[in-house]
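Letters are used for the chains, namely A, B, C and D, taken in the order the chains are written, and counting of residues starts over at 1 for each.
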Amino acid sequence: MDFAFDDKTLELTERLTAFLEERVYPAESRLELNADWSTPAVIRELRQEARARGLWNLFIELPNLQYAPLAELTGRSILLAPAALNCAAPDTGNMELLAQFGDEAQRERWLEPLLAGEIRSAFAMTEPEVASSDATNIETRIERVGDSYVVNGRKWYITGAMNPDCKVFIVMGQTDPQADVRHRQSMILVPRDTPGVTVKRAMTVFGYEDRDHGGHAEVLFEDVRVPAANLIGEPGSGFAIAQARLGPGRIHHCMRAIGVAERALELMCRRVGERTAFGKPLAAQGVVQDWIAESRVRIEQARLLVLKAAWLMDTVGNRGAHTEIQAIKIVVPQTVEWILDKAVQAHGAAGVSQDTPLAQLWAGLRTLRLADGPDEVHRRSLARRELAKYRK
Amino acid sequence: MDFAFDDKTLELTERLTAFLEERVYPAESRLELNADWSTPAVIRELRQEARARGLWNLFIELPNLQYAPLAELTGRSILLAPAALNCAAPDTGNMELLAQFGDEAQRERWLEPLLAGEIRSAFAMTEPEVASSDATNIETRIERVGDSYVVNGRKWYITGAMNPDCKVFIVMGQTDPQADVRHRQSMILVPRDTPGVTVKRAMTVFGYEDRDHGGHAEVLFEDVRVPAANLIGEPGSGFAIAQARLGPGRIHHCMRAIGVAERALELMCRRVGERTAFGKPLAAQGVVQDWIAESRVRIEQARLLVLKAAWLMDTVGNRGAHTEIQAIKIVVPQTVEWILDKAVQAHGAAGVSQDTPLAQLWAGLRTLRLADGPDEVHRRSLARRELAKYRK
Amino acid sequence: MDFAFDDKTLELTERLTAFLEERVYPAESRLELNADWSTPAVIRELRQEARARGLWNLFIELPNLQYAPLAELTGRSILLAPAALNCAAPDTGNMELLAQFGDEAQRERWLEPLLAGEIRSAFAMTEPEVASSDATNIETRIERVGDSYVVNGRKWYITGAMNPDCKVFIVMGQTDPQADVRHRQSMILVPRDTPGVTVKRAMTVFGYEDRDHGGHAEVLFEDVRVPAANLIGEPGSGFAIAQARLGPGRIHHCMRAIGVAERALELMCRRVGERTAFGKPLAAQGVVQDWIAESRVRIEQARLLVLKAAWLMDTVGNRGAHTEIQAIKIVVPQTVEWILDKAVQAHGAAGVSQDTPLAQLWAGLRTLRLADGPDEVHRRSLARRELAKYRK
Amino acid sequence: MDFAFDDKTLELTERLTAFLEERVYPAESRLELNADWSTPAVIRELRQEARARGLWNLFIELPNLQYAPLAELTGRSILLAPAALNCAAPDTGNMELLAQFGDEAQRERWLEPLLAGEIRSAFAMTEPEVASSDATNIETRIERVGDSYVVNGRKWYITGAMNPDCKVFIVMGQTDPQADVRHRQSMILVPRDTPGVTVKRAMTVFGYEDRDHGGHAEVLFEDVRVPAANLIGEPGSGFAIAQARLGPGRIHHCMRAIGVAERALELMCRRVGERTAFGKPLAAQGVVQDWIAESRVRIEQARLLVLKAAWLMDTVGNRGAHTEIQAIKIVVPQTVEWILDKAVQAHGAAGVSQDTPLAQLWAGLRTLRLADGPDEVHRRSLARRELAKYRK
C-alpha cells in the first residue's frame, strides 16, 4: 500500500496546474455565453491551448488512477477546464461507449470527430413520464422497420443537446417490449439533423440554463428513421451497455466534484479572512472554523475513496469496483453539496449571486444526487450486496 | 391555554381558502413575466379580486395571531397570493415602518398609496462591501447639507426594486459616523426618480431573477439629494427603526414559509403516489415514508412556534417576543429547506426543473437563512440570552 | 388560541416548584440504592411529603393540558420527582388501564393500593424472541383451563419488576392464536407471588440497572395459573387495550422528557460559564453557543407539540390526538437525546461519569427511541396517514 | 499509489484472523470479571496463546501501515483481542513513550516488564477540576525537594488503574509554574505502591465500569515522594512528550474503532435478516437498508483516511501526519458511534442490554469524542491550519 502518486501523475499534475493558473482561472471572468447556445469563444481558445500543451483526451489515455487527480484539478474550474481538455460529460462517457461497443463504422463516423473535438454528443436516456432510475421503465420505442429503426419517444435533461455542435444523440429505448426486463432496451445513434428530431426547449436546474456546456434539452423523437446499422451492439443490449457506461461516468463526476469542493473551501477560507462582523473576522468565529474543519475532513475521506475506486477499476475492472463506484456516487455529491452550502453561507448574499461561482456549483452538485439514478436507488442496491454477505 | 382558532380566524381562513382554490391556484400556470419587470397581468387581476373579497392588507388589519394562519395560506402560492392580498415583502415591512415611525406628511405621501396598492416600495439596507448582518457596518453616507440630505452608497439585493412600480426606497446609512455605534445610522425616503439613483442590475438567487415580484437590484446612490423632511424619525434612529422593522418582517416570512412547506409536502405525497420504480410505488418505499413523516413532524412543531411568537407579539410586544422571533427565524427556513430538498428528490429531474415550483421555492427558502442576518448571528444572540439566565 | 396557562395550572406549578426546590433537588445527592431493589428511603420520604402538599396522583386528577407542565417539572429530577408524586411509569399507565378497563373487583384489589402508593406494578409485554413493536408477534400463551388461565412465556425489560413492592404484573399474551390478528391477544393480572413466576435477572440499559425505580427484569412465566377473573376486559381485547394504554403513557414520557432537556440545558449553561480553555470561557466559544441556541429552539418547539397533543387528548380524545401523540413519540426522545449529548460533551469526562446525572439521563432517553415501538414504526405509520390524505 | 496490502500484512492478517476465529470470538461469552479488578482469566489464557502464535507487541514491531489492518481486526473483539496481543491502551502509548523518552534505567525497570506483559501501566493526565484538553490547565504539582520530587494532585479517568497489575503511573504535572506555558509541565513515573498514592474510586462510563481492562480510576497523589531519577526527559518537557505520545495513541484508537464498526455492521446485518415485523424481515425495510448502505460508505472512507495517516506517520513522521491524525480523531469516533447507534436500534431492547456488546461498545466510542481532547478542540486546531494556507 502506497499513497504517493507516481512520477507521470506528478508531472501531469504540475503541467495541468500551470495551465489552470496561466490560462484557465484568468479566463473565468471572460466567459461569455452565446445566444445560440454554441460553445463560448473562451472555451474554444482554451481547447486549442490545452491540446498544444498535451492536455487532451486524458480521460481515455490514462488509467483511472492517473486520471483521477487531473480530473479533480479540472473540477476547480468546472465550467472551463473539463471542456478545455475534451474531458467533459457527456462526451467522455459517449466516447468510451463508442470505443467499447461501437463497430468500426460507428467509431469512424462519430468517435473520431469527438476525440478530435470537432463535434459534441448527447446521451438520451431520461424520460419525463417515468422514473428513469429504473431503466426498465424507459418507454421510448425503437422499432425495426425494414433496414431502418424508427424511434418514437420523449427525453429530457439531455445534457449538451442545446449546443448546435452536438451532432449526435445516443438514444436508449425499447426494441423488444416482450423480452425479459433486462433485454428490452437497445441504444441507437441518431444524428441531430434526422427528420423528426425536435430539440424542444431548455430545461433549467435551479434556475440555471448551464448554457456554457450546451444546457439540458427536452428532445422529441417522432417517427425518426435511422439506418439499422446505427444500432449499437446487439439488439437488447441497451441495459448492459448503460450499466457499462454509467460506472466510468460516475467516477468522472466524482473526481471533478472533489475539485469543486477544494475550490469552494478555498473561496470560503479567503472570504472569512476578509470580512469582519461584531468585532472580529469571520475566520475567528467558532462556527465558521467548524465548517472549515469538517470540510477538510470530509474532502480527505471522499478523495481517498474515489482514488481507491479508480485503482480498483484499473486492477480488477469496473465490475469489481461496483461497490466502491456506488459508494462514491452516494457520498461525493452530498459531501460537496454540504461544503458548497457552507461556502455560500460564509459569503452571505454574494454566495447566492452571480458574482461568485458558488450558487451555480451548488445547483450542479445538487443535481448529481439525482442524475444517473437518485441516491436512494444506489443506497438500496449497496445495502443488498452488504446483506447478501451474511445470508446463509 | 387553548389551541383552537377563534371564529374570525376560521371565517377568514375559509374565505381565503376559497379565493385560493377558485382563483389563485388556477392562475399559477398563467403567470407570465414582463420584460420590463413590471407586475405581471395575472397578479394585477388577482389584486382586484382579493380586494373585492375583503382580503386586502390583512397584515395591518389583524393581530399577528389572527394573521398567521392566513399568511401561511398565502405561502401555499407564494408567487401570487401575498402580492394579491397586498401582503408581500418588502412592502408590508415598509408600510408598518411608515405607520409607526413616519410623520404625517410621509404617511400621506407614501403609506397611503402603498396601502391602496398603487405603488410598491423597497428597503435598501444590505451592502456588497460589508457584512451587513452587523448593521453598524453599513457604510452608505447620508449627509446633511442645508435643507437636504445627500446620499452616497451602494446597496444590493434590494428586493422589488427592479419593478418600475417601486416608487420609493427606504435607505439606511450613516448620518453621524462619530456617534456611538447604535446612533450612527438613519433611514431616509428616496423617491426612485431622484437624480443620482441608478438601478444598476438584477442580482440572481441560485439562477433565479424573481422577476414576478420585482427581483433584487443593485442600486447606486451618487450624490442623491432629498429634502431633509424625508428623514424618518430622529437622526441617528436608524438602528432602532431597523430592529423594530425586522421583527415583524421575520415572522411574516416564517408564516408564509410554513405554507410553502405544506405545499411541498402535498406535492411530494401526490408525486410518490403516482410513480413506480423497481416494482412498487415510491409511496411504499421506507425512505420516502421517512421523509414524509419527518416533514409532518417538523411542520407541526415549527407552526406552533410561529403561532406562539405571534401571540407574544400581540400580548407582550415585539420586544417580549424577541427570543421566539429569533427562534423561528433560525428554525423555520432550515426546516422548510429540508422539506423542499426531499420534495425535489422525490420528483427526480422534474424537481430541479421549471416544471414544478420546487426548485424556485427552494432557492427562496435557502436565501432566508441569510436574509435579515445569517442564522449564525441569530443563534449567537439567542445563546447569549440563554446563558445570561445563569450568570451570577 | 391562547398560549397562557390557566390559574389552576399556575398555582400547581408554583406549588410543585417549591416542593422541588425545598425538598427534591436537595435530596438528589442523598439517593442511596438498596441491595434488594426496594424503594430507596429518600423516595419514601418524598412521597409522604408530596402527599401532604397535595401533589399526589396528579396524572389522574388533572386533564392532560394541566398535567403537562407539572409532569415536565418532575422531569427535572426524574429519578425522584415522578415517584414522589406517585406519577411514575409504569404505574401511571397501569392505573389508567385498570381505571378504564378493570372490573370493580380488579379495581378494588389493585387500583386502590396503587393509588394509595402501597404497592407498585409492572406491564409485561415485550418479549426477547420477537420484534415486539409488532404486537401481533407476542408469543406468550394465556390458555383457558377450567376456571383459570394458564400463562406461559418469557418477557423482558419489564420495568419496575425488580422492586419487591411490585406486587402485580399486567401480562399480554395470546388467548386465541386462531383469531384474526387483532383479537388474538388478551391482558391478564398476575400477582407476583403466583407459583411459576420467576423474576430471573435484571436487564441493563447502557450499563445502568435503574435500581432506583425497580429496574428492568426478565420474567419467566411457567405454567402460571391465575383465576379466570383476572383477565382484563373481554378475551381478545388485549391489542385494543394496549393501544389505549400506550397513548397516554407516551405523552407522559414526552412531558417529563421536556423537563429532562431543560435540566440538561441548565447544567450545560452553568458548566460552560465555569470552565475555561485556551484562554476563554467555554461559554464564549461559538460552537458551544450554537449548541445552546439549538437546544433552546428545539425545546420550545417540542414542548408546544406536547402541549397541543395534550389539548387534543382532552378535547377530541386519544384517537383524535393519534397523529400528534405519534409525532411527539418520534421527535421528543431524539430531541432530548441530542441536547443531552451536547451537555455531556460540554462537561467533558464528568459528563459520562456518575458525578453528573447526564449520562444516565442520556441512557434513559436513548431507550425511549425504542420503547413502545421503535421510531421507525411510528414514522411509517404517520407517513401512511399523511399519504392517505391524497389518495383518490 | 497502490491500495493493495503487502505480503507481510496479508500473512499477519490471515494469522490474526485465524486466532480470532479459533480462540477469541469463542471466548467472548466466557469473559468473567473479577471482584478485585484483576485481569480476567480468559484474557490471561488468550495472552499466552497470542504470544505462542507470534501475535505479540505488534504495535511496536510493525510500521503503522502494517499494524493498521491488524489493529482493526483486534477491534472486532475489543474487550479481548487488544489485551491478548499486548496491544491495549494505555499500555501501548506508555511503552512507546518509555521507548522514546525514557532513560536506560527507566526502560529496564518499566518498559521491559510491560513488553513482557508482566505488569500494566496507567497514564495520569486528566484532572477533574480543569478543562484538561488544554494541557496548560493541568494543576498537579511536581516539586523538586532535594533528590526527590513530591507530587500533589488529583487525577481521574485514569484508565487501567483499578487493575492491581497496573504497577506504575506516568503522571503529568507542573514542575515550574513560572515557566512559559509550554514548559511548565513534566512527566514522572510513580510506582503504584508509593506512599500517598490512593486509588480512590472507579469512575463509570455511561454506567459501565470497564472492569475487564482495569476500569477508570480517580487517583489522589498526596505528598507522594519519588526519586528525582523518575522524571522522564528534561524538566519542563511534559507538554512536548504529551504531544508526541498522543498522536500514535489516537491512531491506534481509530484503527481499532474501524474494527468495532465492522463488527457492529455484521451484527446489524445478521439481526435484520432474522427478525420480522409487520409482515416482512427488517432487512427488507428501506430505512434499515439505508443505515446499512450509509454504514458501509462511512466505514470505507474512514478506514482509508486511517491508513493514509498511518502511511504518513511511517514516511514523513508524526508531525507531518498531524492534520491527518487530527482528522481521524475527529471523524472516526463520530462515524463509529453513528453506526453503533443504528446497530442498537436494529436490535431493539437487546441492543441496549448486556446480551449484545453494542451498548458497551457505544459507550466506549462515545467517550472517544472526549478523550485526548474533545472533538471541538481538534476541529478548531485543524481549521486554523487550513485558514493559515490562505493568509497573506
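One rule holds in what follows: contacts are C-beta pairs under 8 Å (C-beta built on N, C-alpha and C of every residue); 3 or more make two chains touch, one makes a residue touch a chain.
According to UniProt, the chain labels map to these proteins: A, B, C, D = Alkylation response protein AidB-like acyl-CoA dehydrogenase.
As the structure is a computational prediction, the values presented were derived from the model and not from experiment.
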{"item": "Neighbouring chains common to subunit A and subunit D, by label", "value": "B, C"}
{"item": "Selected interface, B-D versus B-C, where C-beta contact pairs are more numerous", "value": "B-C"}
{"item": "Averaged-CA centre spacing for the pair subunit B and subunit A, given as whole angstrom", "value": "37"}
{"item": "Interchain centroid distance [CA atoms averaged], subunit B/subunit D, Å", "value": "52"}
{"item": "Distance between the centres, which are taken as Cα means, of subunit C and subunit B, whole angstrom", "value": "43"}
{"item": "Multi-partner residues of subunit A (at least 2 other chains)", "value": "285-290, 376, 379-380"}
{"item": "Partner subunit A, residues of subunit D touching it in the complex", "value": "1-6, 9, 65, 265-266, 269-270, 272-273, 283, 286, 288-290, 292-294, 296-298, 300-302, 304-305, 307-308, 311-312, 315, 323-324, 327, 330-331, 376, 378-380, 382-384, 386-387, 389-391"}
{"item": "In the complex, subunit B residues that touch subunit D", "value": "285-290"}
{"item": "Subunit D residues touching subunit C - in the complex, by the definition given at the top", "value": "126, 128, 130-134, 137, 156-157, 203-209, 275-278, 282, 285, 287-288, 344-345, 348-355, 359-360, 362-363, 366-367, 369-371, 374-377, 379"}
